[in-house]
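The following pair of complexes shares a single chain, chain A, combined with chain B in the former and chain C in the latter.
Up next, the complex of A and B:
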């Protein structure tokens, strides 16, 4: 029963990791930008949520109504200014600028908000209650909700990218920027919108992680960025549904590792990641969806 | 050296590597090293311990420069080798070896460890390579933490140095740090002057063209990754000795990569002088802002971002383009016939 429990918990945690990963995946798919500040931005979103909840007393669950648009606007502005400028100067500059951003954000959080960790909605019924599936088998409602949100976000992204007018525009710019420019499309604005969407999902990831666990300045790189990346690689680069599968595999690996030794969860996840890197570098799924 | 490195073609245009200033650079560098070596006799041990930090950062920076500036490998996981070097010294010391004698062993062990790690990440490119090296460093740390005999998750103090007096210990640490740095810089210079340097410059300028001209791109990158492993391992070994303890979360911190990368970017990527300039800037910032906790990393990160965006060749690039000097030339100059009255170079940029 303990093993079944571990697999179930791990699979559900995979939804959280997929939520971490889809912003990273989207930015890479559309702009070929690997955003090393991805996780730190999610932590910023979580801190913004903490601030909003403290000031306005909105319920935690509804804080995304403010956080997601705020992150979206921030993403658009960051893309149109810093990332765009870095992109124009090449891949190396983009990496250095996003790495710089990551270090600056992490240390600024440390400086202004201390190393203390903070959680979201500790008193909420959703965070505390769990769904009983059997005598010794229960799952936290929160994880079920996060998994559902991740599936909804992935479905939404796929629908948006493959069906909507604007999604087609994003894919056109991603495929051939110059051709899209010649056809009269403002590629920088399109990139800005794509970044806004990616940052919106980063906002959701920050809130979800804040409710699931605790946010601290180092969470952004230690946990969110590296887990997101592992999920992306396990699932297969550029595949949205592969990301969900990758997240699930990572989550299950971590929970099984924790069954062996409680402190081995993260290591077990990384070992599976490395095994996939060696045995199946194209990822578990090679199907490409959306971008 | 200028006679050997200079050829004169039919038109009288000289392709030259050495100029008179190179000989002077050699003499100057030697003088600087001699003066630096005398420091423990001249200054307070507080100053030498700050300089040991500088040596560590300079060694790391010159390795990161080799990776990112020449081999096009943006690694965010070099802390793996810093940690392995530090643990190499620790393990050697627990077996009764002197930590100072263990420095070269730890460095070589880090280089050997770079081989399997390279095999794991070599198929990834650019941004994915960057994060994969980061995951790899985290994995190496988590595995090291499994061994309780070397301190597990909390680390342990470095033994074997207690019979040295504090003055001698500080001086010895300083000399080892200086030796490692001089070896790293000399090694980088010699490496880049040779055949590998030519191959790397070709890869940096156009990988596809280099590949089709018969440059063994993968092999060149592997060599650089291993050399950087040795260098970062040596720096980690010096770190362990200067701290007198090894803590996994400290030696495997991504902060090391942040510091080395920012020093290189600020000083100037792809030049040997750049990391030196960058390390000086880093040390000045760190010493000025040290009472403000994390601020020096915030400022350093912002400066690195600005330099990456607006002065891509770094501070040394600005100096170079204004004054046309290169202290450690690894490229070639194309110069007009010497007959002209101090004719300016035809192509001021280095040509691979």
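Up next, the complex of A and C:
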């Protein structure tokens, strides 16, 4: 039963990791930008949520109504200014620029909010209560909710990319930027929209992590970014559903590692990550975003 | 600014010079395309034909000279804006969106369409086979079929000027022939065409006016009916005795 429990908990945690990963995957799939500031931006979103909740007293669960649009606008502006300028100088430049952004954000957070960690109290109902599946098998409602949100986000992204006008333009620009421009499509605006959506999901990831655990200025790089990378690589770069699979595999590997020895959880996750990199570098799924 | 008494060229290129790094790809090219005309640019590999079309579409920036669409200077306008203003290009190598279906390719083309006679349906009518295969990925089509979709993608934008870059490249002669047979229908619908073609025979057949480039310079312009084979060959290969026609050389 303990093993089954580990697999179940791990799989559900995979939803959280998929939420970390889908923004990273989308930005890479569309504009070949590896956003090293991804995790830090999620932490910023979490802090924004903390601030909003303190000031307006909205329930934690509903803070996303403000945080996601704020992150979306930030994503659009960041794309049109810093990232676009870096892209114009070559794809590798974006690595350096987003790395710089990561350092700046992390230090700014330290400066203004100190190194103390903060959580988003999701309320007793969600954190303490569990869904009972058997005599010794139960899962926290919070994880179930986060997993459901991740699936909804992925479904929404999939629908948006494959059916909507802007989704189609995003795929066209990702396929052939010049040809898209010849069709009258402003590639910079379209990339801005894609970045806005990716950042919106980063906002959700930040809130979810704040409810699941504690946020501190360094959480972005030492946890969120790394887990997002692992999930994306395991699942397959640029594949939306691959991020969910990657997240689940990572989560299960960590929980099984913890069963063997409680301090082995993170290590076990990275061992799977390494194994995939060596044995199947294209990831477990090879489908492209939106197809 | 222009006198209304004279028919204003729909597309006008004035003294265009373009560099690729150190290389001077175009030197002082001028040409005018009248509404409803088919202007053909011929020339050997590396003569600067594609560079000229790409500069008109906005993909290259000239170091000198200007591009005017219906009298309006668009030299500093970005490609997307030019497309919306009515300059559509079928790029060399077709450049479809490979992961999109045929219909999605056309819908991207129609995203910023002007008003006009062309729609996705009328493109399906023009190319009979396309409707049935609209759900296929563009990457799965043959070269000739991809070329037809690329033309359709440009048509659905209802452009005022259609730039065709090397339609015949990499296609069997029969397929090229079939694609060029659609040209009269496009003209009948009111389109103006500027095309680049390595296949001189094909170009002379469809063009109302020919413009020959050699190493980035104009070596010959004229009406196809008034040009002799020797003149064209001389201009094409840069043999001595090449003559330059009257149009365009406004460098004072």
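Assume the second predicted complex is superposed on the first by the 286 of 291 C-alpha atoms of A that agree within 3 Å, B and C clash if a C-alpha of one lies under 4 Å from a C-alpha of the other, contacts with A are read in each partner's own complex, and residues count from 1 in each chain.
We adopt the following convention: a contact is a pair of C-beta atoms (placed from the backbone, for glycine too) under 8 Å apart; a residue touches a chain by one contact, two chains touch by 3 or more.
From a predicted model like this one, the values you see are computed outputs, not experimental measurements.
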item: More chain A residues in contact [chain B versus chain C]; value: B
item: Which of chain B and chain C A:33 touches, first, second, both or neither; value: first
item: Contacts of A:229 with chain B and chain C, given as first, second, both or neither; value: first
item: Touched partner set for A:172, first chain B, second chain C, both or neither; value: second
item: First, second, both or neither for A:111, with chain B first and chain C second; value: first
item: First, second, both or neither for A:131, with chain B first and chain C second; value: neither
item: Which of chain B and chain C A:260 touches, first, second, both or neither; value: neither
item: Chain B versus chain C as contact partner of A:95, first or second or both or neither; value: first
item: Common ground on chain A, meaning residues reached by chain C in one complex and by chain B in the other; value: none
item: Partner chain A, residues of chain C touching it in the complex; value: 57-59, 78-80, 83-84, 88-89, 91, 95-100, 104-105, 107-109, 111-113, 153-154, 157
item: Chain A to chain C touching residues, read off their complex; value: 165, 168-169, 171-172, 174-176, 178-187, 288, 291
item: Chain B-facing residues of chain A, complex; value: 28, 33-34, 36, 82, 85-86, 89, 91-97, 99-101, 103-104, 107-108, 110-111, 221-222, 225-226, 229-230, 233, 237, 263, 266-267, 270-271, 273-274, 277-278, 281
item: Chain A partner contacts - residues on chain B that touch it in the complex; value: 68, 72, 74, 76, 120-121, 123-124, 126-128, 130-132, 134-136, 138-139, 142-143, 146, 153, 254-255, 258, 261-262, 265, 269, 293-295, 297-298, 300-302, 304-305, 308-309, 312
